[in-house]
Amino acid sequence: MFTKREIISMKDFSQDEIDCILKKAQELEVYARGEKPSDLLSGKIMANLFFEPSTRTRLSFETAMKRLGGEVLNLGSEEASSISKGETLADTVRVISQYCDVLVLRHPKQGAARMAAEYSSVPIINAGDGAGHHPTQTLLDLYTIKRESRLNGISVAIVGDLKYGRTVHSLAYALALYDTRISLVSPEQLRIPDTIKSDLEGMGAEVFETSELSSVINDVDVLYITRIQRERFPDPAEYRKVAGSYRISVDLLNDVKDNLIIMHPLPRVTEIDVEVDSTKYAKYFKQTFYGVPIRMALLTMLMETDDEA
Amino acid sequence: MFTKREIISMKDFSQDEIDCILKKAQELEVYARGEKPSDLLSGKIMANLFFEPSTRTRLSFETAMKRLGGEVLNLGSEEASSISKGETLADTVRVISQYCDVLVLRHPKQGAARMAAEYSSVPIINAGDGAGHHPTQTLLDLYTIKRESRLNGISVAIVGDLKYGRTVHSLAYALALYDTRISLVSPEQLRIPDTIKSDLEGMGAEVFETSELSSVINDVDVLYITRIQRERFPDPAEYRKVAGSYRISVDLLNDVKDNLIIMHPLPRVTEIDVEVDSTKYAKYFKQTFYGVPIRMALLTMLMETDDEA
Amino acid sequence: MFTKREIISMKDFSQDEIDCILKKAQELEVYARGEKPSDLLSGKIMANLFFEPSTRTRLSFETAMKRLGGEVLNLGSEEASSISKGETLADTVRVISQYCDVLVLRHPKQGAARMAAEYSSVPIINAGDGAGHHPTQTLLDLYTIKRESRLNGISVAIVGDLKYGRTVHSLAYALALYDTRISLVSPEQLRIPDTIKSDLEGMGAEVFETSELSSVINDVDVLYITRIQRERFPDPAEYRKVAGSYRISVDLLNDVKDNLIIMHPLPRVTEIDVEVDSTKYAKYFKQTFYGVPIRMALLTMLMETDDEA
């Protein structure tokens, strides 16, 4: 049923396939919490080939593999850059795929994962390729919404830099597969690209744009905050004004829906006050945890495919 | 019985608790030597979060965990510093504790471990926090004395920098719990702080200060040497004189007690001549090994607590 | 039968011992491919102490150990250099051998592995010591020839820098143990040292020197290519001419033997065109894989010895 050899982009998945991954993740959550040991992937080896640091992603994959009884090889950014001085990415991937059963690739260049998949003798999982894709982040975001709220019939606000943010574009496409209202909250300069907006509407999504967080915060079920990078603003004063206007504090939460969940891909800087952490709405650390069962689901599905092939 | 959720400072332990840890370590020593495999911590994950390098400590924890069937996540100083640029220690600890069952923290700032324990969802072990505490070092020192000599009714000389040395302060406090005579041997400028000396005497310890190693070396059962750092001396000539006067050579050992043991937290520079290594008194490499069963004892005790909680 | 306590140099092995290692490797290949799990080295710990990066070698050892159920401690070059600032290699080895059952050492200085073996309390495997030895590379080269061609009665061309190349010297000595014709193909400036040539002839090998690859390529069973380093040539034009003349392209392969195998220790730069990769002659990625069963064989043989000791 799940016969992929690689996980490169969310666009490769049908809604059925996504649902199947989310269901599998839920089955595996008991192992993700370490409540019981598993030997599902005993004897299997995953290689983390990370050309740039991404500690959260690396640890989440590593924990997923180890909690299922598998083993992990790590190539950090220093080692990866050293190896890449001497040979092409194609050769590196061909060599490392001799030593493992699945290869997790993080690379600064868009398209690197797709290219790597051509040369690897084992399945590739894209753990972020620059301005390209980061499908496991989107899957864990969806899973968090499913587990802490629900995926159909809800209203989601996505807040922050919607122009450049890879994470939010991918999430918006995925949400458009479900019956979801999407409010896009950003400063005027960082609105979502028109092509993406038309895509979403073409998929049947109800999309609403605003620059005022206050106009939507009390109506949504999910508030997904992302960082606005200082570098996007030539004028520091303008940056401070914008950043300040999307900062979540407890005061802002007085009239929100009772079952609101607040998400953030982390790390947060000033986007969410630490006082918010102790409210029942805060789900961003839980979201971090949900990366483990999602990656477990993908790993088991790829390895099972591998075994049956 | 052992219901701690964190190991931060020796001061948190009663003598009964220390004895219980030492006893547990001895039970686990057979696994520490790799003589038989164990799955006591199978399915469990320990994260090493090291904001500064401390290879001996890191490896000792890692071996302890792996010999008991557990798995390890490593965040070295480069990765840790990269993650700490983007977020607070509190957030880092909250995230990483989602991925493991116990977190071992090494941090240059005093108080970091105590603070981390407030935010972690899993038990924290302090593997050194700057000028603060390093309880597992003290426990392995005590364990070495217990295994290679005995803990009651002995005479211990602690030699070196007694003013700034965190290791020796913590060891002195721990020894004062037992019926032990303590000789404090240091240059005049690096004498133990008066407050610590009074504390020790208040605890009932027999304490003796001297700057002459020769005046005590033939009477002690344990000789604990530490390094004197060059930086403590404005005058290089003065440093050389002092360092030379506490250097252990085979000549110095002609009239020592037959059962003397020599300890050193390592690395040693010139404090102990390599000729001493082959004498029966040299126990500093054995001491390094004893870090494994001690850390095994702590890990199993914390995880058992965890399971029953 | 295999009672070594260390693997330092090919010269320590008799031909019988080599054959025994190659046979063992073949038995273990099924585990190297991850086709079935193994717990042969369960509970055992291997430490990788790498004073310089060598990712391929490190990963190959790590995979070998993990596929056999063992665990691995990694000390990368940064950590190793940090530890070596504070103490001698002898002390580092004594400390780390307290934490493991076998120690794999990579060091830039010739003789480092032999010295380490004197101080280690566990077996040492030399994973390359500068201009010294790298026996596991030679063993995997032999194993590749055995598996993809045969070891007796064949003709082997070794191509490239034969003056400085440690890899090719060691391989040539090993081939001379078998009934093999050896063609040494190099530019005039990089001919094999006369002493080595006489050694080979003294061992009974049929040795032939040339600077023309075309004069031998159609007659050999094994073509072993190595890199010629730019730094060996004061004149860049001379370097380009030489490097170009030893570059393997598909055109060169029109009249080769049907069962020719092409090998390369990797990484390759321009020595082999990527078009060659898809020919049936290309075995250099397979060669990379064969490092795993060879290292498995050595690890199991050393540990078995250890157990019986």
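The first chain written gets the first letter, and so on, giving A, B and C; residue counts start at 1 in each chain.
Please note the rule applied: a residue touches a chain if its C-beta (ideal position, glycine included) is under 8 Å from a C-beta of that chain, and two chains touch if they have at least 3 such contacts.
Everything numeric in this text was worked out from a predicted model, so none of it was measured.
Participant: How big is the rotation, 0 to 180°, that puts the C-alpha atoms of chain A on those of chain C, in steps of 5?
Facilitator: Rotation angle between the two copies comes out at 120 degrees.
Participant: For chain A versus chain B, which are copies of one sequence, does the interface use mostly the same residue numbers on each side, meaning over half shared, or is it different?
Facilitator: Shared-number fraction below one half, so different.
Participant: Mind checking the centre-to-centre distance between chain A and chain B? Centres are C-alpha means, answer in whole Å.
Facilitator: Chain A and chain B have C-alpha centres separated by 41 Å.
Participant: Residue numbers in chain B touching 2 or more other chains?
Facilitator: 74, 78
Participant: In the complex formed with chain C, which residues of chain B make contact?
Facilitator: For this pair, the touching residues of chain B are 34, 36-38, 53, 55-56, 59-60, 62-63, 66-67, 74, 76, 78, 266-269, 274, 285, 288-289, 292.
Participant: How about chain C: which of its residues touch chain B in the complex?
Facilitator: 42-45, 47, 71, 73-75, 78-79, 82-83, 86-87, 90-91, 94-96, 98-101
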